[in-house]
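First subunit A sits with subunit B, and in the next complex the same chain sits with subunit C.
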Partner chain A sequence: MSFDLLNKLKMIKKTSRKAQIQMAETIAIIIVVMIILILGMIMYSKIKEQDLNKKKNQFNELDIVKLSQIVYNLPEIQCSFAEVADYGCIDKLKLKALAEIITNSYPSGKEYFYYKEIFGNSNISIQIIYPDNTVSEIELYHTDIKPKSVSIMRMPIIVLEPATDKTDFGVLIIKKFD
Partner chain B sequence: MKKKNKAQMEIMGLVVIVVLVTLGFFFYIIFTAGKNNSSIKKDFEDDQLASNFVISFLKTDVGCKDYTIETLIQDCAGPSQNIECGGITSCDLIETLSQVYINNTLKKWGKDYNLTIEMPGSPVKESVSYERDCSASKYNVVSAWQPISLYPYKRTARVKLDICQ
Partner chain C sequence: MKKAQLSMQFNWIFIFIVGAVILLFFLMVIRNQTKTANTELSITVKENLDTIIKSAESSPGVEKIIQMPQNNIEFTCDFDGIDTFSSYDFGNGVSQDTVYDTIFSQREVSGQSIISMTRSWDMPFKVGLFQYITTTNTQYLIVDDDVTSTTGLAEQLNNSLPKSIKKKIITQADTVSDEGFDRYVLIEFSNTPYQKTLPLRSKKLIVDVGGLNLDTYGSIKFSSESPTTTVGYVRTPALLGAIFSENSSFYNCNIKKAYWRLNVLYNLTKNRVDVLLNSFPSGTTDCGTIYQWVNSKLSDPQNLPNTKNEAQIQYSTYVDNLKRQNENLIRGNNCPLIY
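What follows is the complex of A and B.
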């Protein structure tokens, strides 16, 4: 009788040890699976973050392209003859007049506010390159902010001096701030 | 028992390999996450730069009478050169002014370019070319060109600007 009990106890002990090893294996597997799942989730969020950053950059780039088109075709400074607009040409007199209006109403005048709605956080200027290798610059619009990043677009343009009917080689410089 | 231990070790080895591969992939994703290669602005900028440069360049006054660079090209490409500004002929003036505008724009902005002024049949210069790192075929090139009529002569001059990316 006692021999049978001893055998039974031994069997129970052996089975219990085997179960403990199996439990440890199961726990190890669960831990590994959890680690893989967590890494997967982090990777997924990184990929999503990358996509969002890419989208954000694309929208910023579209913004500066849009702004450059607005300034390039701004009727206030465009050359015109007999009420017909001449694209790709800036009238120097109109440019200086508009720059003066914007500067005089800076920072809280209604004119400045009107153009701030169009140009946003940017600096817009026109650089004129003369045949004798001299360069001058006229600033049309500016904002005083501390930007995180600056995106620059340069567009060659004709600058007309209507008083003398001379045309100069100009560069429209747009700096968009984020 | 010994056989079972060996099998367990092999499984552990496999698990370690899987974890290492996953970690490697994870770090690859992290380090490539910050890189954005969006090119909307660059494509637009180069495209408009090429065409606007050629248009503005041709219509620019040269500071001598009412001559523009287009007039100089027409004169230089013709059978006889009649324009002279301060003792400089139209052909030489084209070269000087091209350098001025290129140095103050494309060169200053670090662009790779190839500006070619073709004047077929010109007795002085058939072609003027300015280039910066733009000859190899590996580049993606954005081009703009403008023909210039040489009427009454049956020829056409051409100004071509390639912006290389």
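What follows is the complex of A and C.
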């Protein structure tokens, strides 16, 4: 009788241990699967983040190109002969007049606000570099922010002085802040 | 029940619960991914559209067909009496402000093909480019004002509209049947009213041209609106703006933007002429006399009157005079131009 009971107890203990091991195995599998899943998610989000950063940089580059296109074609400063606009040429008188309007309405005037919507967080200036030896710079627009990063674009441009019909060679400098 | 059976059942319950949790997790991931993918698509479309709009600004008169995924774009332009607020919205938090761009469009643009066209608005110098956006789901009907001529106002208008839009010239007595377009825009001239009933979803404009041809000035009555509204226009690009606009308030809002820029440009030109006047004083040169005249006349333009009245005629005449004086500077004088 006591031998039988001892055997039964041994059997129960053995089964219980077996069930415990099985349960532990199942839990371990689930934990491993979850860890793999989480690692996969982390990797995926890292790749996605890199992808998004790449896209963000692409959009930033596109933004500065778009901005340069806007400035290049701005009727306010563009040279024109009668109704024909001259692409890649800036009228010095128009440029100075617009710069004055923007500066006078800085920082809360309607004109400044309007051009801020177009130019955003950027500095736009024109540097005249030839034929005069001295480099002169006319600032069209500026914004006062502490940027995290700056993208700079330089474009060659002709600067026309209409009163004397003199043309200078200059560089349109666009600094776009992020 | 034996303990092994109980353990087996418990295992299955455990598997179901954990399976459900994992399934739920994946469903959430998929849902988020779909949402992100939609937003990404909208951002890409927005960037592409923005690039097209911006690049079109360097090429007036260019017509483009933009292929895009099935997406609704909502264009808005609101004027609160002081300022204008305009943007286009893709509906899932992706939108773009259009402070600088003058875009005439219907409020909601849907479909896979968007047609865009730009026209330079010269008053008389280039003020900016007007952008017109429409779809192939809209039909434009022009009522012929002179069936015996091929140079009538209807023909002129037909030639000014983009080639790729659905457009046709009809007579006053033609019946327009509903061909399944989302929208119909009927343009008639004041002397030749359309006599038949229009399909539903129609916008009717009555154009009263003031000058000898379309590219002068006039008024446009939005007769489908209640109450009917009349707006003014100077030069064809503004007339096209009314045709492509959702309604009179959309047109007025964009025209306000354009006139604001025109004011800035008049100021700039005035400053420029002041400097030129210093270099070529009045009375000493022919150039100076012309600059003096321009300087005395160059004042801020007033808002465009709504009806075809004296002020509008003066406005248009003033633009013509400015253009003539600019041409006089070229003829024989070789002076720097006003614009």
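In the analysis below, the second predicted complex is superposed on the first by the 173 of 178 C-alpha atoms of A that agree within 3 Å, B and C clash if a C-alpha of one lies under 4 Å from a C-alpha of the other, contacts with A are read in each partner's own complex, and residues count from 1 in each chain.
The rule is short, and it goes like this: a contact is a pair of C-beta atoms (placed from the backbone, for glycine too) under 8 Å apart; a residue touches a chain by one contact, two chains touch by 3 or more.
All values derive from a computational prediction rather than experimental measurement.
Novice: Quick one: is A:Leu5 in contact with subunit B, with subunit C, with both, or with neither? Answer first, second, both or neither.
Specialist: Touch status of A:Leu5: no partner.
Novice: Could you tell me if A:Val32 is touching subunit B, subunit C, both of them or neither one (first, second, both, neither)?
Specialist: In the superposition, A:Val32 touches subunit B alone.
Novice: By the touch definition at the top of the document, which applies to A:Leu62: first (subunit B), second (subunit C), both, or neither?
Specialist: both
Novice: Report for A:Ser80: first if it touches subunit B alone, second if subunit C alone, otherwise both or neither.
Specialist: In the superposition, A:Ser80 touches subunit C alone.
Novice: On subunit A, what residues does subunit B touch that subunit C touches as well?
Specialist: 62
Novice: Looking at the complex, which residues from subunit C come into contact with subunit A?
Specialist: Residue list for subunit C touching subunit A: 3-4, 7, 11, 14-15, 18, 22, 25, 29, 47, 50-51, 54-55, 57-58, 97, 99-100, 122, 124-128, 260-261, 264-265, 267-268, 271-272, 275-276, 279-280, 326-327, 330, 336-337, 339.
Novice: Can you name the residues of subunit B that touch subunit A in the complex?
Specialist: Answer in residue numbers: 15, 18-19, 22-23, 25-26, 29-30, 32-34, 36, 38, 40-41, 44-45, 48-49, 52-53, 55-57, 59-63, 68, 97, 100-101, 103-105, 109.
Novice: For the complex, which residues does subunit A have touching subunit C?
Specialist: The touching residues are 15, 19, 22-23, 26, 30, 33, 37, 41, 59, 62, 66, 69-70, 72-73, 75-76, 78, 80-83, 85, 87, 91, 93-94, 97-98, 100-101, 111, 114, 117-118, 162-165.
Novice: Within the complex, which stretch of subunit A touches subunit B?
Specialist: 28, 32, 35-36, 39-40, 42-43, 46-47, 49-50, 53-54, 57-58, 61-62, 64-65, 68, 88, 129-133, 135, 151, 153-158, 166-171
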